[in-house]
Amino acid sequence: MKEKIYPLNTWYVACYSHEVNSDKPLARTICDVPLVFFRDSNKTVAAVEDFCPHRGAPLSLGYVENGKLVCGYHGLVMGREGKTDAMPKQRVDKFPCIKAFKVVEKYGFIWLWPGEQGLADEDALPNLFWADSPDWAYGGGLYHINCDYRLMVDNLMDLTHETYVHSTSIGQSEIEEAPVNTKVEGAQVVTSRFMENIVAPPFWQAALEANDLPKEGSVDRWQVCRFDLPSHIMIEVGVAVAGEGGINAAPDKRAGSIVVDFITPESDQSIHYFWGMARDFKVDDTALTEQIKQQQGAVFAEDQEILEEQQKNLNLYPDRQLLMLDIDSGGVMARRMITRAIKAESR
Amino acid sequence: MKEKIYPLNTWYVACYSHEVNSDKPLARTICDVPLVFFRDSNKTVAAVEDFCPHRGAPLSLGYVENGKLVCGYHGLVMGREGKTDAMPKQRVDKFPCIKAFKVVEKYGFIWLWPGEQGLADEDALPNLFWADSPDWAYGGGLYHINCDYRLMVDNLMDLTHETYVHSTSIGQSEIEEAPVNTKVEGAQVVTSRFMENIVAPPFWQAALEANDLPKEGSVDRWQVCRFDLPSHIMIEVGVAVAGEGGINAAPDKRAGSIVVDFITPESDQSIHYFWGMARDFKVDDTALTEQIKQQQGAVFAEDQEILEEQQKNLNLYPDRQLLMLDIDSGGVMARRMITRAIKAESR
Amino acid sequence: MKEKIYPLNTWYVACYSHEVNSDKPLARTICDVPLVFFRDSNKTVAAVEDFCPHRGAPLSLGYVENGKLVCGYHGLVMGREGKTDAMPKQRVDKFPCIKAFKVVEKYGFIWLWPGEQGLADEDALPNLFWADSPDWAYGGGLYHINCDYRLMVDNLMDLTHETYVHSTSIGQSEIEEAPVNTKVEGAQVVTSRFMENIVAPPFWQAALEANDLPKEGSVDRWQVCRFDLPSHIMIEVGVAVAGEGGINAAPDKRAGSIVVDFITPESDQSIHYFWGMARDFKVDDTALTEQIKQQQGAVFAEDQEILEEQQKNLNLYPDRQLLMLDIDSGGVMARRMITRAIKAESR
């Protein structure tokens, strides 16, 4: 039996809300289980196995009618609880059920609990204050990457890679020169880095400009990465006019945002990577939202090749020990937290 | 050893006659064996393993000269019996033979007997009366689909799928509402369905029009699926002006045809699907033949995705029992017949 | 454990010199080991495993700066001996090393010793007199082919395939009609064939013309294939005006060249095939060099399909014995030499 590498009794982001509309189901495999998502007659999202109990066709090839999922092969009508609701000219009450999963739609995302359904606890959803606030705007996307989800956790908890992977946008040598501090705060791993009196890299110069601040002057820059189980990473990032208090500077002296990362395992070696940025300035400027999303999308696409090639290398040499330097502490501590969560589940 | 899923001592359609011309061999894998087809000096088709006894190159990469198959690597000349006929400057009488297979060209198809060659019996070929008759015209094509051939048998023996998979052409809800009757008649499984007083779906409206009948009036529609071993399915389909006797209506009151399906396993999870339609009206209208072929090709292409995705799902959950409803009886009985034939061979 | 099919304590051609420039590393897998090639500050080529000791990313995704290889993920600086040279803000002296390989740049190629590094012996490099001589010109290319490297050895040691695979350029029936002679000369397998009083095939007619000789007159043609361990094959080929001494004819009566073949295993079923031609006429005519390279490239591309399909066939029937005719003796003897070399290594 293969080693379990992700906890299951937890909430993963399964999709953006806008991915599931009312007439078409959405197929997505999460934690090795092919699922189909659809909206019932109340527009409430449902998720069941993507397997028709009649002949095994994927239900996602069908359509949604009156809030029921209709199989596209022979018309079996599936309900949100995994129980067949109807089928033309058939008595369906003894049809075998398929597994249904708890899903919650909140903050613009659809959250899935892949493990023991009786344990699904809506209160355990993370609190995304920015997602419900009129003072914040969010833009983001979704990438499919062929790697162990923990490689992406490592990536986001060690931002020294920005200097190399994203050298033309957010990277700068000051990142790796600044000391990094990693600690566990409650159930969260926090890695932070503060750079003072530096010149902003291109991405942040544009953000300064968007905030009507001088883009070429000295700034203080910060990066605070917060990892939560199972694999959510929120990164407070920003720059402020130098000497104005850095991360604590007054709103009119800074440009800051939260990099939002939800990493959902598709399989042991592939992920759905939901990335985005939440900001608390010019929140009504939808053109700016779109522009930031385009820029961020281009930057984050740079990680894909390196993560996929890293994965292939690790597959070739599964027994090689990797280094765990100070810059890797964020990933190391996050992985420890993950391992403990998996162990707790198996008890 | 993997389970045997198809009988071998039987005739399969290997290719259309026109696929094997006199100067170029044709490569095709049937029942897991890579074969090469060519025509000898009498234009008689031959089939041997696609493996040169010299160095193992596929003979199909070569050419046909004077009715012999010449290897494209070093010029070995292979005869129709699998015995090397010549090779430049070599004595070939002790060269190892490759396996030759019985093939028969009949009805516009080339038929192969993949099993024990001594048992090959030309009399066991099916009788395709329409193929040799001047009163019938045939048009058809060939699709390659990645699924167990029995999934295609199921598909064709349960036409309720038309309502969902082919909703814009031949599907209509009356199909699933009409009772279905399945029985074994001798060595044949027959599934039939009769719909009375309905409006014809688009495909059949066009056929009515081609027969100078009113396309929007009430019709009686029929579907009679006949399965024969190993995997041939002929489906009598048609519509007649309502109340004129249905399938037995006079020729000037009906539009009918035979859907022709030969399903040949390439491997356990892939097939060569020879599909077509034979009709007994306007048989000299080659433009109509082409038009029907285009339409039918488009309709039958709709099955490919669902069958391939169904196969992937079944591979993921090999132990799940599928339902066997009344509509599935045709497939169920056909599979039983197949299983008995395989068992009989292993005795 | 899988059978070893190539010797390792020997020199293989890894790349052309021009493939490794001074700012970009080159990734290439040789004998199953992913390697990265780069030039140090002296422009001397180095080769190390393509695996960053920090987090396992391929070093080849990075860049070369001041003669050091910089990892493109987090900036680890790798030296030519496989020892980490530096990393921003890190003490690197205890970092684990990666394996470094002996490489030699000579004759326009970069040669790699994949086996025991202490045994690497520059004196064991082949002597390519034509590569260092101003009287010779070379042009060539590189193909990636999915086959066991020994199939390419067989191919080049039995040129009767030219008649079939290269029928429009260098093939002619006289090749297979002429007797072939194969023998071992020291550490070399030599297969030779001499054809007298024939008409030159198209490729050689062009060469005669380039040498100001009548292209349609009678010629004597020769092919002398020389195999050296591990898998280098030099083929003396040419035509001379008939009766002027053939391979020994005076320079103004002949057009000859050396077909250069270095076959480097990437894996058990794939190769890097370095092909080219060295000639001793019109050596300053770079347009002619380019033209010959284009022609030869087109001819040698014809082998790819047949070798890859032959490989697939052999994989399907691993136990079938292939024939070993007189024309196959060159390959047979070369394989024997390879087998002895592998055995000697395992002692």
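Lettered A, B and C in written order, each chain numbered from 1.
Just so it is clear, a contact is a pair of C-beta atoms (placed from the backbone, for glycine too) under 8 Å apart; a residue touches a chain by one contact, two chains touch by 3 or more.
Small disclaimer: the values here were computed from a predicted structure and weren't measured.
Between the two copies, chain A and chain C, the C-alpha superposition involves a rotation of 120 degrees in steps of 5. Mostly differing positions are employed by chain B and chain C in their mutual contact, as under half of the interface residue numbers are shared between these two copies. Here the spacing of chain B and chain C, counted between their Cα centres, is 48 Å. For chain C, no residue reaches two or more other chains under the stated contact definition. By the touch criterion stated above, chain B contacts chain C in their complex at residues 34, 50-51, 53-58, 61-62, 70-75, 87-90, 95-96.
Residue ranges of chain C in contact with chain B, taken from their complex: 154, 158, 160-161, 163-165, 173, 176-177, 305-306, 309-310, 312-314, 316-317, 320-323, 325, 327-328.
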